[in-house]
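The letters A, B, C and D name the chains in turn, as written, and every chain counts its residues from 1.
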Amino acid sequence: MKKIGVLTSGGDAPGMNAAVRAVVRKGIFHGLEVAGIFNGYQGLIDGRIESLDLGDVGDIIQRGGTKLHSARCPEFITPEGQQKGIEQMKKHGLEGLVVIGGDGSYRGAMALSKHGFPCVGVPGTIDNDIPGTDFTIGFDTALNTIIEAIDKIRDTATSHERTFIIEVMGRDAGDLALWAGLAGGAETILIPEEKYNIKDMLVRLDKGKARGKKHSIIIVAEGVMSGGELAKLIGAETGIDTRVSVLGHIQRGGTPTGRDRVLASLFGARAVEVLKEGAGGRAIGMKNNQVVDYDMTEAFNSSHKTDLSLFTLSKELSI
Amino acid sequence: MKKIGVLTSGGDAPGMNAAVRAVVRKGIFHGLEVAGIFNGYQGLIDGRIESLDLGDVGDIIQRGGTKLHSARCPEFITPEGQQKGIEQMKKHGLEGLVVIGGDGSYRGAMALSKHGFPCVGVPGTIDNDIPGTDFTIGFDTALNTIIEAIDKIRDTATSHERTFIIEVMGRDAGDLALWAGLAGGAETILIPEEKYNIKDMLVRLDKGKARGKKHSIIIVAEGVMSGGELAKLIGAETGIDTRVSVLGHIQRGGTPTGRDRVLASLFGARAVEVLKEGAGGRAIGMKNNQVVDYDMTEAFNSSHKTDLSLFTLSKELSI
Amino acid sequence: MKKIGVLTSGGDAPGMNAAVRAVVRKGIFHGLEVAGIFNGYQGLIDGRIESLDLGDVGDIIQRGGTKLHSARCPEFITPEGQQKGIEQMKKHGLEGLVVIGGDGSYRGAMALSKHGFPCVGVPGTIDNDIPGTDFTIGFDTALNTIIEAIDKIRDTATSHERTFIIEVMGRDAGDLALWAGLAGGAETILIPEEKYNIKDMLVRLDKGKARGKKHSIIIVAEGVMSGGELAKLIGAETGIDTRVSVLGHIQRGGTPTGRDRVLASLFGARAVEVLKEGAGGRAIGMKNNQVVDYDMTEAFNSSHKTDLSLFTLSKELSI
Amino acid sequence: MKKIGVLTSGGDAPGMNAAVRAVVRKGIFHGLEVAGIFNGYQGLIDGRIESLDLGDVGDIIQRGGTKLHSARCPEFITPEGQQKGIEQMKKHGLEGLVVIGGDGSYRGAMALSKHGFPCVGVPGTIDNDIPGTDFTIGFDTALNTIIEAIDKIRDTATSHERTFIIEVMGRDAGDLALWAGLAGGAETILIPEEKYNIKDMLVRLDKGKARGKKHSIIIVAEGVMSGGELAKLIGAETGIDTRVSVLGHIQRGGTPTGRDRVLASLFGARAVEVLKEGAGGRAIGMKNNQVVDYDMTEAFNSSHKTDLSLFTLSKELSI
């Protein structure tokens, strides 16, 4: 193997740049040439492929977003689109590809691997919802972004003795809501993995008030319902006038945390090693605090397990 | 004068605690006793008045929100409510009051002053919309909170080559939108003080694209319209699929910046000096980089002037 | 068991407050009374013991430092000092103790346990140097504090095309230097676990320059040598005028990160469970991404293993 | 005038990039061509001059440091060096120059202006020590960096009930120490403009302790003495074991604050306007909250006035 490519795909996540840097430098360290593919699978089809040197990935480890950009590409779901991609890579002399992204990105990588073009997947998504890895790149940064927001909102919630609802990302996975809720000292957390009980929630609000609590913070993952819907529900049941804050896209950006940069560096480097050995269809992950690689199909056939002990703990600690 | 009070009222703003600290310590420095009134004018009516010592305001200069809490108080708009407040203050031996807050808070302070109870107003609101002062406590912190959010969103906007709309606070005053838009490098800023021109906005978007710009950020003050409405408008005119981020309540919280702490310290201290001289109905401000005090009626009879030269500059620099 | 105590000891670490909160609330959740012991072992001897209620640990999860304060206590190394502590605890009805701190704090806890008073240790130290746990409370926050500093210094290093030496904490353990160096993109990292080679370091500097690198950042753990000494060494060998930054005590403070808050919550809660079962002489830790408890003697008899694969990786990625 | 240049010189300051962006874009807005001169006056002599387009200064408004880099240049103090610079500029078709920097940078600009080549100075230095302007670019960011450090150190100071000395930048001007000390709630501030009185300082320490204060923070500007020297002095007088933190180079870096970005944008834009009118030897500043331009000799012949009322206030508020 002489030359490999790297692309980022799907929603961007802080730390993607650190992963790209690791792929490029580890590749060059092993004597490979490394090319960046710009704009995800769309750029692959369009042949937006450029060789990257050591210096090209300098001064990016600390940057949010992705220098390689990202884009949706419906065409790449088709075998024709995939073939175009392979042709482009062959034209540029690539013999392997590292794909940094989430679920959808992995499907593209799997398809290419099945066509005989070896791809390795690196989990980059703030949602932490890739099966087979305990953590994904970007989750830690997003967690801290949410916590900073909670800390800010708590200032105003306390000052005005109000109940706030904070809507965070997480369509299918409650990890962000759960970790942030526990770390932010939220009184109530609503996640897709657990049926919410509006009565129970209100009992908790009352209890808090009874012991002199001046404010209350409720975290809701977007996958359960929107913050606005929840506010209506609570209003209808209790007449309580809650305030809603939808954190939105700030959760995707920002300078990556130390942990996300280290994770991204480890993952990117391992991806190159796996690819160098000729393996395709592998995914990189962190399992029990060890960097691992595993069959990418596992990422589709199993499902991500949110640590629900945190849910129980959060309830016990916010009484 | 032997004893004075201090309260915070209206929406909380970062730096209010630093102002409270300054009032208490400057008062004690001058041999006065200082009492904190909790929960704004409502707490005044209810007699939630407690003497504050040097140590009671220790370790709060860096805290967001307000230790004295705040609350709405419709009753205080009535002369009866105001009389109740005066009685409570007399009961606790208070001879003067410092009110930290915005527009509405000043009206209460003015009413009390007219009833013969000397009050001094300190401008505490993130909106920067109090006539007679160039800056209010909390504006600088909110500005930086917005900018951090813009910086984060720019990461993801660039990565995905998208147009983002960011809705910020400012019902009547465009200061936050304007300063943040200029400092955040936004392509377009919509403020209540300037008629927006949707055509002009779209021309700017096109120009940017023509010269290779990958993303675009539009800042809209809530007083113009909501981010969602603007997205619909742009969508209807152009078919462009913009993303909306409503920053909401995070803008009110957070550790105050250095400048807000200094401003709050200067304002709180000056308020005590003015009160000590027996004057009521005065407001504190920063005018041409000097701390000033002025007749509080000026805050009602004139109107805040947003520096529109920043609007022009922003347009010139984001071509 | 009806009543337990909690103290923090040794150097403070961000997240200690979150751990105290978890101990108190988990204890109360299980029907226990919980007392805080102020000023570490010294306060224990002096009987500075106060019952803590749910509200007493409200609004502290996000605060750096420790609400229970900490102090050195040479007297507690003696059996007499330890007996005084036990008497105080018996006087206050305590039947178990959670000790949050580092190495030295564990020794005190072990001694008490051997005297028949059950203690459980929770690892709280930014150095990450407690054997038996992969991570300690405070490490993640300190890591991010260092990285922010590196990011700032890189700005000025790049602008002036200079070589900077950054001295970080870590007398015996290189974890902070290593993680921060990798995450900060440092060209060279000096840790106590690896013999440094000044020649090799200079070769790397030269290589970087040869490929157009404008600046260079060297991270040195204080346990290797001081930043000043290293600057002299480099100056003597090469004549290069490096700049030194000693990060110092800012590394101990600050709002804890999400991860440190979650870790602290998990650890504090587990400590209560272990204590409730009557066990003493146990230490809490995170091992392979699982919360564990283990014989505290392991913390003395084995030694912390820094993950040296990060060292190798860092070298490969900063070529 | 058809083409102008811009350079940054001296110590870098956050916001310099925003100023460069403003010069380039305002220049282009007015139909001028704008060239960046890399590496300060040294780069001017060496002819490191490149035309900058709108996009070349995109995505830099939020970056610390200076994209144009900076360097010392002893040769430029000589008339020969200056002539070389003028020749280079003429060769590249430049007819005017904006110099962003401090004191020393202004001297170079003045010399060029006297040789008939019009230069305008923009104050960029964290020290806030340029006569004729109330604020310099970078001061606000450095202020906030210091305050964050103080907040962190206060956590550990309180936890351990210790006295900390924090050494900040400021050789001749005490602005940073003064503003940061006031905003950080420091008990004592030592600045070059005020004779310190070690006895008075100790009395304050004692007073604080007497009223139950657990910790104390002393800010010292490097121009008074080093933190280490002060610690020795206090130790010798009192036996108190203080801790020292030298903030060092982190003060120069970091993402610029909102205010620094706005200031830089205003200054850069005004510099272009002044230059366009053909004027040389002018300096840009903020005076009484208005952007002004003034004869650059004023920056040499008068001296910067630190607002010493803040010093008095700080003493009154930290009793």
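Operating definition for what follows: a contact is a pair of C-beta atoms (placed from the backbone, for glycine too) under 8 Å apart; a residue touches a chain by one contact, two chains touch by 3 or more.
Worth saying up front: this structure is predicted, and the values here are computed from it rather than measured.
Across the assembly, the mean Cα position most removed from that of chain C is the one of B. Between the Cα centres of chain B and chain D there is a gap of 28 Å. Here the spacing of chain C and chain D, counted between their Cα centres, is 35 Å. Centroids of chain A and chain D (each the mean of its C-alpha atoms) stand 39 Å apart. Multi-chain contact residues of chain A (touching two or more other chains) are listed as 151, 154, 158.
Contact between chains, per the stated criterion, is found for A-B, A-C, B-D, C-D.
Within the complex formed with chain C, the chain A residues making contact are 18, 21-22, 25-26, 28-29, 54-55, 58-59, 61-62, 134, 140, 143-144, 146-147, 151, 154, 158, 179-180, 182-185, 211-213, 255, 257-259, 261-262, 265-266, 269, 287-290, 310, 313, 316-319.
Those residues of chain D that touch chain C in the shared complex are 8, 11-12, 14, 16, 39, 63-66, 69-71, 145, 149, 151-156, 158-161, 164, 214, 243-250, 252-254.
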